Amino acid sequence: MKRLTPYLLALPSWMWLAIFLVVPMVAMASVSLQTGNAIDGFAMTFSFSNYGDAIGRYSTQLLRSLLYGGLATVAMLVIGYPVAYWIAFKGGRRKAMYLFLLLLPFFVSFVLRTISWNFLLSDNGILLGTLKGWGLLPAEFHVLATTFAVVGGLTYNFLPFMILPIYVSLERVDPRVVEAAQDLYATRAAAFRRVVLPLSLPGVFAGVLMTFVPATADPINAAILGGTSNTMIGNIIQTEYLTNLDYPTASALSFTLMAVLLVGIFIYARALGTENVLEAAAR
Amino acid sequence: MRGSRLGDRLLHLYTWLIILWLSSPIAVMILFGFNDKRSKSNTTWQGFTLRWYAELFDIPDLTTALVNSLVIALVSTVITVVIGTMLGLALGRHRFRGKGVTNFFVFAAISTPELVMGASLLSLFVSGNVPRAAGTIVISHVLFSLAFVVVTVRARIVTLDPSLEEAARDLGATAWGTFRQVTLPAIMPGVLAGAMLAFALSIDDYVVTSFVNGSTVTFPLWIVGAVKTGIPAQVNVMGTLIFGIGVLIAIGNAVAARRRT
Amino acid sequence: MNPLMRGMTQPRTRRDVFRLAGYSAAGLAVAACGVQGQKAAPPKADAVADYWAKQKKNGKVVFANWPEYMPEDKGPLEKFKQDTGIAYEYKEVIQENAEFFGKADPVLRAGQSLGYDIVVMTNGIQLQHMIELGYVVPLDHAKLPNFQANAGQKYKERSYDPGNKYTVPYTSGVTGIAYNTEFVKDKITSIESLFDPKYKGRVGMMSDAQEIGNFGMIALGIDPEKSSEADWRKAGEKLKAQRDAGIVRKYYDQSYIDAVAKGDVWLTMAWSGDVFQRQLAGEPVEFVVPAEGGTIWTDNMLIPKNAANPVDALMLMDYLYQPAVAAELDEFIQYVTPVAAVRDLLREKAESAKGEDKKALEDMIDSPLMFPTEADYAKLRTYTTLTTQQEQVFNQIFQTITQA
């Protein structure tokens, strides 16, 4: 019975993933090797060159996505860790309240959030317009339609996905352990680095996984906040799929993206000092 | 903790600033729910009115969409949390065959672009002749939230000391009893965090839902469609109510926590 | 060969990109269809008549439309119900043409029904695909008397669907230039203003390949409807130069209207209906159809393949062409109606109305954005109609500019 436990626990999710994820993924893999067009039909030709062509055409957008996703992830980690830390150790009885408040804005449609950001960040709006009025910013200064806006948008939209897992692992750490560490080491910083940080690493790993991956694939922020050269790979996949009806290219790009992200996570896991990426994911 | 009280105060302030930052667009949304607008567009302030609150349910399709979204989000959150916690436990606590593959597909579920996921789910449903409706939306939402719950719960479980559960079992507790009285309370923060993420992912999803919805319309879908002619102010009011109810729950929770101790 | 006939007269055997792949993946590779065998026997000339002869009135109709495209009390549909006894279901399920097509394609490919009898789509690539793939039922014009009598001549001569074989217009809009009068002091009349270095970083262009491609061509004096690949490339170069010179701030979807109303961009490609709403809200935006020309787009009603109630659908389509019904719709939608008589009806209504209602109606009647002048109409072009091969070339030329 005990040997069976993990299998029974995993069974429902396995079924879900097998039917609704694995089957479509295999289908997608097959599509990515086909040639043709949507009107005359597609045929399986094992055209592995689809991958080469797609990557060749869109390498700029692919690399840019990784860069933006990476920058946003670092920003989220830097911004989010202290929040998770404070709620975990000092949130007291209100821990749940703080977490809920952090997540609440995301219960409301992204369309409304976007419209509001456009209102707030408009070139002559209540923020920039006021600062310009005071002469603190040049008239030409703008936030919307820039790289900064795209990375900022990604940071904003995925931040809770960084904070929550870090909080979840930190909350487990006994404050007395931290106190003892502070007695042991000379500075708070040293105590943090030697004791708290290692204990929170599973949460950091989970947070990075849950933010870097979707942020890199995200099409929405670049479309709304970007300028003329901020297109990300998610936008390309969308156009290839919905406008050009080029399903093979869209599928090939999705797999490429997935593979690149996997490699990225692997490198990151190695940097954390784990030998095997899947083991790392399991920690 | 000893030492810098000031540091803690600063961090407290910082946390509130982050909450404020995340909520700032919500403030704009709330404000424009009171806008006495005279055309379909709702982006310039034109005076204060409570009209949209009085006429909140005057757009039947919008009301239906909101109800659909809330029900779908609740149902898919419950399912996701139950099966996701189970898988998180299996991955965080046990060694078993297929663990590596499972990890891989959990990763794949996060990294599949939404559009591709939506389109392939639709093809699957069409070829299986499954009618697209609320049920298929729930299935899809569970699929993309599952990985987030699993990852969050697992991040909690691996920090736990297994000896506690062993002790409980040594004291004669059944497996279920151990789970209910020892494991579950210990992983509860992870489960709750996962539930909140799942709910947020579901209630705000547009892309995947737009493929698998059949003729069931959710709140985000209706709004995206309405952008073409101008979003009615009732949408802002409904957003305000969701947010307001959320704040009330948060406050209620904090008050209840104070009473308990 | 007529793709619709293909769809109606024989089972589709085309290799189905996702369905088949899905089957084999699931280990259900029973549906081993022949590959690309669809070019079989030609359709009978009277297939359309045959099809309609077999259909009968069922007493109900399901109408799929965009949100905010029907008054909240569903007045026109209620009247239709009273007059004809046909029950209706009205669903606001269409958000984007591309996504709607993406969703409809696998369903219609599999020979299933969308569950809708009328669908509204904008002319453009997706509508064209619908027609080419045989997803649209050709209309029986004998059953469209009101359309014949009341639709404006412009709406009967459209290059994307000559003779209204598959579609009739629901509502239209014009693509021109909008500018913010607080920042642009000159009166804009020419499309060249969009390429003027004076407005560096303050110009908005649309991201849609058809829209931006058309404007590039119009700027070069090319009529998009009659353009060739060489023309597209020239337009592409002009647009690329505009981009490289830093004149364009961003390639927008519909969010351009917010940007121009707030002054983030000073002038931009724009759709008439959006600008009209902003003017009603008192925002400082002007709309102009450039002297060189602009484009007109149309949202069209069509009956999708395998619809359960095509006769009832046709009756509803025609019903909406009664001037009084069209007026009620247009008063709510505030775009360009295909029914010319609407303006007079709204004028009559304005005369008997009072206060704010009267003012609103007068604003509508006087607005060239809802009722373009003859001179405006003369300048308007429709989108280019492209074959699949042409489309791939066309899209790539303009997407490399908008999605760099």
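All chains are identified by letter, namely A, B and C, in their written order; residue positions are counted from 1 within each chain.
Following the convention adopted for this analysis, contacts are C-beta pairs under 8 Å (C-beta built on N, C-alpha and C of every residue); 3 or more make two chains touch, one makes a residue touch a chain.
If you're wondering where the values come from, they're calculated on a predicted model, not measured in any experiment.
Viewed as a network of touching protein chains, the structure reduces to a complete graph with every chain in contact with every other. Contact counts per chain pair peak at A-B. The centroid of the Cα atoms in chain A and the matching centroid in chain B are 16 Å apart.
Centroids of chain A and chain C (each the mean of its C-alpha atoms) stand 36 Å apart.
For chain B, the set of residues that touch two or more other chains comprises 43, 119-120, 123-124, 224, 227. Multi-chain contact residues of chain A (touching two or more other chains) are listed as 23-24, 27-28, 115, 119, 241-242. Residue positions of chain C touching 2 or more other chains, listed in rising order: 18, 21-22, 26, 96, 99, 102, 258, 262.
By the touch criterion stated above, chain A contacts chain C in their complex at residues 23-24, 26-28, 30-31, 34, 36-43, 60-61, 115, 118-119, 122-125, 140, 142, 144-145, 223-224, 226-229, 231, 235-236, 239, 241-247.
Put simply, chain B touches chain C in their complex at residues 37-41, 43-44, 46, 58-62, 119-120, 122-124, 126-127, 129, 210-211, 213-215, 217, 221-222, 224-230, 232.
Interface residues of chain C, counted against chain B in their complex, comprise 18-19, 21-23, 26, 64, 66-69, 72, 91-96, 99, 102-103, 106-107, 110, 112, 115-116, 254, 257-258, 261-262, 273-274, 277-283, 333-334.
In the complex of the two chains, the chain B residues touching chain A come out as 1-4, 7-8, 11-12, 14-15, 18-19, 21-29, 43, 82-84, 86-87, 89-96, 98-100, 102-117, 119-121, 123-124, 139-140, 142-143, 146, 148, 150-152, 154-156, 158-160, 175, 189-190, 192-193, 196-197, 199-200, 203-204, 206, 219-220, 223-224, 227, 231, 235-236, 239, 242-243, 246-247, 249-251, 253-254, 257-258, 260-261. For chain C in complex with chain A, the residues that touch the partner chain are 14-18, 21-22, 24-26, 35-36, 38, 96, 98-99, 101-102, 105, 125, 129, 132-133, 201, 209, 243, 248-251, 253, 255, 258-259, 262-264, 388, 391-392, 395, 399, 403-404.
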